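In the part that follows, the structures are each spelled out as structure tokens.
One chain, chain A, appears in both complexes that follow, with chain B as partner in the first and chain C in the second.
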Partner chain A sequence: MSDLAAAETAEVGRAEKRTRPWRVLMLTAWAQHRTKIGLGITLLLVGIALIGPFLAPYPPDQGVEGQLPFAQPSSDAWFGTDAIGRDVLSRFLWGGISVLILAGLSTAIGVSLGVAVGLIAARARGKLDDVLMRTMDVLLSFPQIVFALILAATVGPNLWLLVGAVALTTMPRAARVARGAAVEIVQRDFVRAAEAIGLPRRQILFGEVLPNIASPLIVETTLRLTFNVAVVAGLSFLGFGLQPPAADWGLMINENRNGLTLQPWPVLLPVIAIALLTIGTSLVGDGINRAMIGIERGSRGSE
Partner chain B sequence: MFAASLIIFGATQALPGDAARSILGRAAQPESLAALRHQLGLDKPVWQQYWEWISGVFSGDLGSSLANGLAVTDVLGERLLYSSFLMLIAAAISIPFGIVLGAVSARKRDSAFDQTAGVATLGLAALPEFVVGITLAVLFSTTVFHILPSVVVTEEGVGPWHYPKEFVLPVLTLVIAVVPYTSRIMRASTVEILESDFVEMARLKGLSERRVLWRHAVPNALAPTFQVTALNLAYLAGGIVVVETVFNYPGIGSLLVESVRARDMPTVQAIALLITGLYVVLNLLADLATILVSPRLRTSLE
Partner chain C sequence: MSVAAPAPAPALEVVDLRIELVDGDREDIVDDVSFLVAAGEVLGLVGESGSGKTTVGLAVLGHTRRGARVGRGEVRIEGRDILALPALERQQLRGKLVSYVPQDPASALNPAMRIGGQLDEALSQHGFGSSGADRRVRIVETLGEVLLPSDDAFLRRYPHQLSGGQQQRVALAMAFANRPRVIVLDEPTTGLDVTTQAHVLETVRDLCAAHGVAAVYVSHDLAVVATLATRVAVMYGGRLAEVGPTGSLFRAAAHPYTRRLVEAIPELSGRHALVGIPGTAPRPGHRPRGCFFSPRCTYVRDDCLETPPPTARISPDHESRCLRHAEVMADSAVARRVAVPLPEVVADDTLLAVRSLTASYGQRQVLFDIDLLVRPRECLALVGESGSGKTTLARCVGGLHVDYTGEVAFRGQPLAPGARAREADTRRQIQYVFQSPYTSLNPRKTVGQIIAQPLRLFFSVRGTEMWRRVREALERVQLSGTVLDRYPHQLSGGERQRVAIARALVAEPQLLICDEVTSALDVSVQAAIVDVLAELQRELHIGLLFVTHNLALIRTLAQEVAVMSEGRIVERGPIDTVLDSPQAEYTTRLLADTPSLEAALAASGSGGGAPTVR
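Here is the complex of A and B:
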């Protein structure tokens, strides 16, 4: 931690400055149990979602021969069948990838846009800053899921729209964090120096300022990813995500909810998977967050 | 708020489909389509439609539902009662519980209690509401125990207080969604306050540790907690959409989902405006509560 502080004060060696905080952060985070456990859980679920389709005993959209709807678990269908007699296990193994892609994509787009907006606002100050951040406030005034529902009502269920809607609700939150962290950085001497030697504005923002606000952004990204998994799965659950006969965890819960008393597995498997996935990513986020706070305290103490 | 109303209206207007066509079906005659469009005011310019809608909102007229022709205010009335009842009970339970849990965790910092509470709240905070709701339903109503109903069946014209049993699971779900945030923020701010000079002063005066915590530390730690609580109530305004659907609870959240499915635009607009309005008001209240409750800020205001 002390070498971080040293790097902070020694303005020379910009390359060093660019890599070090990032590596220190990751190493400190990795030292925590919760990060390892969280990453383990997350990777397990990601593994199920990615490899699952190759392991599934049946195609996801076909019934199991000789099985009635909501059949109990048997040797033919390990977790029984769903509302229209399809194999629960197969649909579960096929149904994770859509949640991952939708949540990952919307988080990536939303955070990138948000960071761009936040950086520009922090750099520009004045009127542009006000206009940008008030616009973000307006977007923030909708609960995420309500915003997505309004869009779904207008255009009907559409996956690109869903990604766009979730990304749009992610953007203002990331923008706030980015701006908050960058406002202080843009006034530092090394940014002034970069301006003085005439680097283009874009290069200053993304080459000089961005690496210095990486830590809070990483924490924010994991947090947003956790939320977006919940929102994406929730929208599928409400029937505005993937449409039948697609296999999708949220949709599975929706389709089989009425048979909960007869056969809990087609609901329970995806519920457990979504629960573990969100817990896993939030543990990783918390681990990184703690590491960041620890590093900040350490460097402040030794200055 | 004004901008939000513009967005709600703009988004619902941008629809590629045509409301008149979706009501009458594909085989509708052009003349009857035109007649219905005129009746709905769809042939007027967009800004005029917005003006009529927004001035209607202020005079309490939200238009009529496209699904059944009833006035939106009538459709909303009882649902709104059910939803507010649900949210109020959930808030009344979760806020004090979260505050006490957070304060006690901070007091017994790094103890087994604090560690357990920390991990539990972290995990619970991550769970989506429908996952919590369905897990509770499986536990208490369908599979493990059969003690509580998982579906709310109500009669028209009967207030929500007639169904205490049906309330337990939806309320519990919302409580589980909010308590983790409240208690984590409360813990963080109490820990910070307990390390500050004036708490040390109170200790040096010889006050009991309990009195130091509840009379000196907690009131100052409440400010950020109030803010988070209000934010989370605002979040509940979104959360009821999912929770009400899980339990078939007849509130505005499940109505929103139904209306979106039916593309019943006036109802969607009304509910979206309502929830967003609540969200904005709660955020303002959060700022206000922060100023009122925190002695430091209050004196700086005077």
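Here is the complex of A and C:
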């Protein structure tokens, strides 16, 4: 019998090497131009937000000496000054980090909660499934901005509240995607096998099922991040985010919109940055999504 | 008829066919394939998965799968080469001149269309008849031929309202409706129960004979092919290994591969050692230089490794692509497999006792008053057709189905329903191996991680000790440690099933529940898996609850058998008693309908004509 084992092992040794499914996904996504461009744009803006404060010529909350409000660009202030005479470039370079952190944090919290809810619902089926998913539907029925506004209006501006509100509106969408993908996975025999040996439920959900729905979740996460960048910036613009005199892209737009005709830069710079950031992340998400669809088609076609 | 050369004008002629990959090095999927099929004749096209048999079957329709194309060769139907035709013309011939019956009838029928409408469309598409009434006459005629009713009520049904067997008959009717000259059947009975299979096979043979249709029957089931086909073509690695009349090919195989395939088949009539074929069929681009079978062949000589062997003509109608065909043939004619004694059961001990078990799915009761007993070292085979409740019973025992009343006792201790309600030690001692190794292993985990999981859970071992035990389990199922870092999709079906068995073994179980563990695998692999299971019984004293629909298989493995039908055990007893002198009428029928290579050969040898199915 040992020759049988040897022969079969030799065959295994000859088998072509293939990498992990999610690495295949990333490599396929990377092969597309949109992903490269999107990632380039995203990294550029993330770079600006992260290292901007170290490059800024002035502190963000102090006026530039000898400059009036809404001063035109000059050698002292490359993009002019804002409504109360502060350097636009410095405030722009300081103001990105808050958008990134708030959007990133709320997306991370929202997607994690949503995935947990979706997985539990998919495995439980029956009543618990209904209760959880209908609750998600109720949350989903509030427009994201309105929901955050109601919360902010009742409690007052508070950063944790803002993160919480955006996370809460992100959750139902992530939950739906997670449940949809997991419902098919939980019926597979490897989940039954884990069930039969009595593996703890938490390990079944997060150890067995979760890795199998990683691809759609990656796509959903990039998509939610895109939306949340816009929502967070919008909420700051409305005054529910960082409070003056802090530098923040959303806040900058609000503070300087009255002088748009006199000096467009304090509004234009953050607007361009926010627009590019959403375009960049959505291109990356789109690239991954297309790669995923392509891989699914390919594997079906070759079978 | 079975030995006579095909009629002078064959209905189907495949000449030097080569199908290759579109991209890369244009590696061939199949090459150098030539055969003839006379009108009214059934050619069986057999081989393991990956041998290229389906590719050839599709090429007969002028079709290649995505990523493949015809590199060379001709497919002549009544003298006309359909591969030379423009794509559109070729498409119009499909269903009219040549038609196809797929493996899964459910996928061939439009679920949103009534049966009558689909049959009518199959006819009108090819311009049959001038009116609906004309076509209606043909529909009624064809449905009669496949033994289906043709009243309005039936024609107005949707596919989902039919049973699997009926769906396959409708697919047959659609294929035969236009009276094609050639028909390709791609394992059309794989998903069917033996009784239904027997009926469908009979219908296929009658229809081909009645209308003079040349049929290519693609299958991996040699017993089915032996009962149906007059000639057989054995494919290996994209080449024809051997072509010949059914009788002489199976009785005295002239190619070692054919011989090994025959030896791997379990026989209903008696107990044989099943001999698997080590290794897997070489994929395109991974084929050896000389004879493709040489790495797995026991007859291999140095000259086999140099160049692909030429085709040797053994008789006017029998060819083999082997240098040592004479030797192989002489051995095949003599050698028959030796019986292996079954391990002795520990008689005075009980492992599993099921008493008056009744189970249901919601309102529907699926098991009625079941009693069972499994002793250490014993293999109890649970056989029955689909829907008989055998898997539900296995799941109740394995703690995967909780909706039951009655007692499941393990070593005298009554068990709670549901694995989670049972003690950890009980869960460890009862292990479950699933039907399909393609779904029972987590695709995102390595083999090592998969096998280590029960160890972490039940024994809390980590590190070196854990990996030592994982390797030990792999050795038991004849896999080497090199598979540890591989993912399931990098393994063949047989290797995956071994991993699944290894995962069960690390828990050091006393009872192994095997739910149709070989039904998704090739016969050559099935033999090896059965061998592993028998060894576990002998050496580790494990008791087996072996659920299967394959009656021939249990003869080699089981000491006891319980036959199930519609949720009840209709017959129970020692294996030889039940199979040799069945008491229940149901068992008798099941045995009669099980295709058997030996029975088919015996029938064709004495009768002279085509072998009978029943």
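Heads up, the rule we're going with is that the second predicted complex is superposed on the first by the 284 of 303 C-alpha atoms of A that agree within 3 Å, B and C clash if a C-alpha of one lies under 4 Å from a C-alpha of the other, contacts with A are read in each partner's own complex, and residues count from 1 in each chain.
Here is the rule we use: contacts are C-beta pairs under 8 Å (C-beta built on N, C-alpha and C of every residue); 3 or more make two chains touch, one makes a residue touch a chain.
What you see is a predicted model; the values in this text were computed from it and never measured.
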item	value
Partner chain in contact with A:R188 - chain B first, chain C second, else both or neither	second
Touched partner set for A:P59, first chain B, second chain C, both or neither	neither
Touching partner for A:E208 - first (chain B), second (chain C), both, neither	second
Partner chain(s) touched by A:A196 [first = chain B, second = chain C, both, neither]	second
Contact set on chain A toward chain C in their complex	1-15, 17-18, 20-21, 188-190, 192-199, 208, 211-212, 214, 301-302
Chain A partner contacts - residues on chain C that touch it in the complex	65-67, 276, 278-280, 286, 295-296, 398-400, 419-420, 422, 424, 427-428, 431-432, 434-436, 439-445, 453-454, 457-458, 478-480, 482-483, 486-487, 489-492, 494-495, 500, 503, 507, 528, 531
Chain A residues touching chain B - in the complex, by the definition given at the top	34, 138, 141-146, 149-156, 226, 229-231, 233-234, 237-240, 253, 257, 260-261, 264, 267-268, 271, 274-275, 278-279, 281-283, 286
Chain A-facing residues of chain B, complex	1, 3-4, 7-8, 11-12, 14-17, 119, 122-123, 125-131, 134-135, 137-138, 142-143, 150, 234-235, 237-239, 241-242, 245-246, 256-257, 259-261, 263, 265, 268, 272, 275-276, 279-280, 283
